[in-house]
Amino acid sequence: MTVIPHPAGRTVEHLGSGPLDRDGLAAVVARDIPRGSFVNLGIGQPTMVADHLAADSGVVLHTENGMLGMGPAAQGDAVDPDLINAGKIPVTELPGASYFHHADSFAMMRGGHLDVCVLGAYQVSGRGDLANWHTGAPDAIPAVGGAMDLAIGAKDVFVMMTLFARDGTPKLVPECTYPLTGLACVSRLYTDQALFHLGPDGVTVAETYGTTVDELAARLDVPVRRLGE
Amino acid sequence: MTVIPHPAGRTVEHLGSGPLDRDGLAAVVARDIPRGSFVNLGIGQPTMVADHLAADSGVVLHTENGMLGMGPAAQGDAVDPDLINAGKIPVTELPGASYFHHADSFAMMRGGHLDVCVLGAYQVSGRGDLANWHTGAPDAIPAVGGAMDLAIGAKDVFVMMTLFARDGTPKLVPECTYPLTGLACVSRLYTDQALFHLGPDGVTVAETYGTTVDELAARLDVPVRRLGE
Amino acid sequence: MTVVTGEPDRAVDGIADGSTVLIGGFGLAGMPVTLVEALIRQGATDLTVVSNNAGNGDTGLAALLAAGRVRKMICSFPRQSDSWVFDGLYRAGKIELEVVPQGNLAERMRAAGAGIGAFYCPTGVGTPLAEGKEKRTIDGREYVLEYPIKGDVALIGAHTGDRMGNLVYRKTARNFGPVMATAAALTIAQVSQVVETGELDPETVVTPCIHVDRILDLSAAEAAS
Amino acid sequence: MTVVTGEPDRAVDGIADGSTVLIGGFGLAGMPVTLVEALIRQGATDLTVVSNNAGNGDTGLAALLAAGRVRKMICSFPRQSDSWVFDGLYRAGKIELEVVPQGNLAERMRAAGAGIGAFYCPTGVGTPLAEGKEKRTIDGREYVLEYPIKGDVALIGAHTGDRMGNLVYRKTARNFGPVMATAAALTIAQVSQVVETGELDPETVVTPCIHVDRILDLSAAEAAS
């Protein structure tokens, strides 16, 4: 694990405002990415993290379709159909970029060279199991893309998601009921309600947003601890 | 196997002159390399084959230290310490050349992309086993280089050697007594005395040089046939 | 020796029914659309197609699927917003699907091209995609045994080729092209332009000519049409 | 982030006793002689060195061997006309030797860099170098199970680096460098020159900066000396 320890060293309950919105959540993830990291941002919500990285962060973005040094989404004349990200969105190239083929790109991932990847999820278990590729619905067409490769490849896997589904059931669960993407791979879980550290020792709440550790503990089916406990 | 069938279709005994010299042997090997082949010439005697390839042969030479389109040995100002062959001799670059790293170079070999490689040998068995990396002498320092990779990698492995050792014992043997480089990998054996086709069906003499099939059969410990028999 | 042609139909000549066809591209970047269209005209059927996606819209790979030529898709991400052709065939039970994690797709083709018999891969351990596969623990980590994917044919898109068959690509359109070129018995590349042998810098060649059997020169194809 | 320095001693700082050190080069082409000389001064000992050859003449790797710092050599071709330092140590029983076919040496390091747990390789089947190794027949062909070779440190030679750590090589001096760069926890490259970030064409970068931790700029080193 390469991530910096939590800056506060103890659990912080942010009660002055409500749960984080998607932008606020992306800002928290960006804050926790160490300077100079090599980072892969998954399709969808994780791409918002890029907007919150400081210009001098030295963070280098990897896209699994064969590029390091990916820049922001391309606009207008800069759109080039040969230059896209994993979500097939036209992007740009930053100075110091490089291109490589798919086997090299995934060797980079599988070989443990990426410091952090940020993914979305349907469910995450208390020990860090990840389910983010398949709802298990019988009529769904399975499609995995690079999710399993990222899950086992990056030194740290961060997940961004809402803590509760629309029906109020927690998505941080004792055991994933959706098909798994990877075992014990998520180290940090960033949600609108709280930031969790996950690992073999279980779930630690590092921060809460508009709620308390005790309130969360009452709503979750996994035991949670505070930092330093 | 990609090599062209033997041009004569029947065994030819060349009795007008003696055994082939090294240059004559290289010319016979060069004759049998199909146009447009990708070829690796081993260290030592096999490199002489290059001098006998027709200018319009379209043969592209591979050197395992990471190059296709290798040209002749470099002379004078053309010597560049960064451009060498597998024998560490300075060489030149032909138009259409390319450079690649060692894993890609040996993937090319192991993956069966080379049409022909030409190697030297201490011993070759009737079914094509090759011994060319180690004399087995107890004080010898073992060194294999790319010999084993070439032996199993090229579509056709040609061996060039004298048929008899200095003490008169045949180097084409029923079973190799020297440590093996590869099993059943040699398809053609080019010697000063004769050209042999090797395979699961045994040894066929395609041509002789200054001797007859019957004379060779008497001196060898492996059964030999004529082409077409 | 590499054949350079400006005729799409000549480029895909001889592809047999039942072939495994590797088709490059990630979405449309690097997708050899002209070659796939020629393959539809050529008529080979009962194909197994290996490609990252399972077709977009109604052209290229989607049109090949719609023409009923594909028995089985091996891909990482069939489901896309514009994959209606595949979706319909799949839901109707008219096509087989093998979903492979994207990195395994690349690595299994790389293994085919590199002569590797099989490899232990950490991707997918504990997931449904590893079910029924051989497992092994090495140095305390679990791995799944994965086998090569070899193509009878590879259809790829590149940017520039030379007359000997060396290729360079452009930006993220490189993607699967260089890997597929090594993994097929017959590799056919469509390129935007062909230059004389010697014009490509040997240091920058991405796919050496040994991996390329035929080049379709799109600039010549357009000039002729 | 990649550190660029003109000081050889700073480039090799912190290499621990007992490390496995991958050293690039094929003969002298691509051999990082300045880094190896700095490693000798640095003093790390009890090393396992992985390199194609086992030193030439009395400099570079040969000098490291002569200084008694190497416990074990893993290489494909130790015996050369000018390998007298290694030859003497080996005959005196002062150094261990693991001979590995050249392609297996490359592929085992590639596997380490690519997160592959082990692979079935056809090279060496039936030979003394496969003795004691696990075998398996796949599709009628025999293979030997080979394991990754991972380095604590890689010392490689390249031609040009940029300030971010991207590397390009020159001609056949490329050889093992790009593979070793992926296979070590700490990769240190000596380069003939360093250019500003953005000056290397992204299409032509051979080793992306993610694989490079430190660059020794030889042009700066010479200017300072």
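The letters A, B, C and D name the chains in turn, as written, and every chain counts its residues from 1.
Quick note on the criterion: a residue touches a chain if its C-beta (ideal position, glycine included) is under 8 Å from a C-beta of that chain, and two chains touch if they have at least 3 such contacts.
Treat the numbers as computed from the prediction; the structure is a model and nothing was measured.
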## Note on the structure
A correct list of chains touching both subunit A and subunit C reads D
### A-D or B-D - the one linked by more C-beta pairs in contact
B-D
### Task
List the centre-to-centre spacing of subunit C and subunit D in whole Å, with centres computed as mean CA coordinates.
33
### Averaged-CA centre spacing for the pair subunit C and subunit B, given as whole angstrom
35
### Task
Mind pulling the residue numbers of subunit B that touch at least two other chains?
67, 93, 99-100, 106-107, 109-110, 152-153
### Message
Counting only residues that touch at least two other chains, what does the list for subunit D look like?
### Response
107, 110, 114-116, 121-122, 169-171, 202-203
### Query
Got a list of which chains touch which?
A-C, A-D, B-C, B-D, C-D
### Summary
In their shared complex, subunit B is touched by residues of subunit C numbered 1, 110, 112-116, 162-164, 166, 182, 197-198, 200, 202-203, 205, 208-211
### Residues on subunit C engaged by subunit A in the complex (per definition of touch)
26-30, 52, 76-80, 86-87, 90-91, 97, 99-107, 109-110, 121-129, 169-179, 206
### Task
Spell out the residues on subunit B that touch subunit D in their complex, using ranges where they run on.
63-67, 80-85, 88, 93, 99-103, 105-107, 109-110, 129, 134, 139-149, 152-153, 179-183
### Summary
In the complex, subunit A touches subunit D at residues 35-36, 38, 58, 60, 62, 67-69, 93, 95-100, 106-114, 152-153
### Complex contact set, residues of subunit D against subunit C
107, 111, 114-122, 136, 138-139, 141, 143, 147, 168-171, 201-204
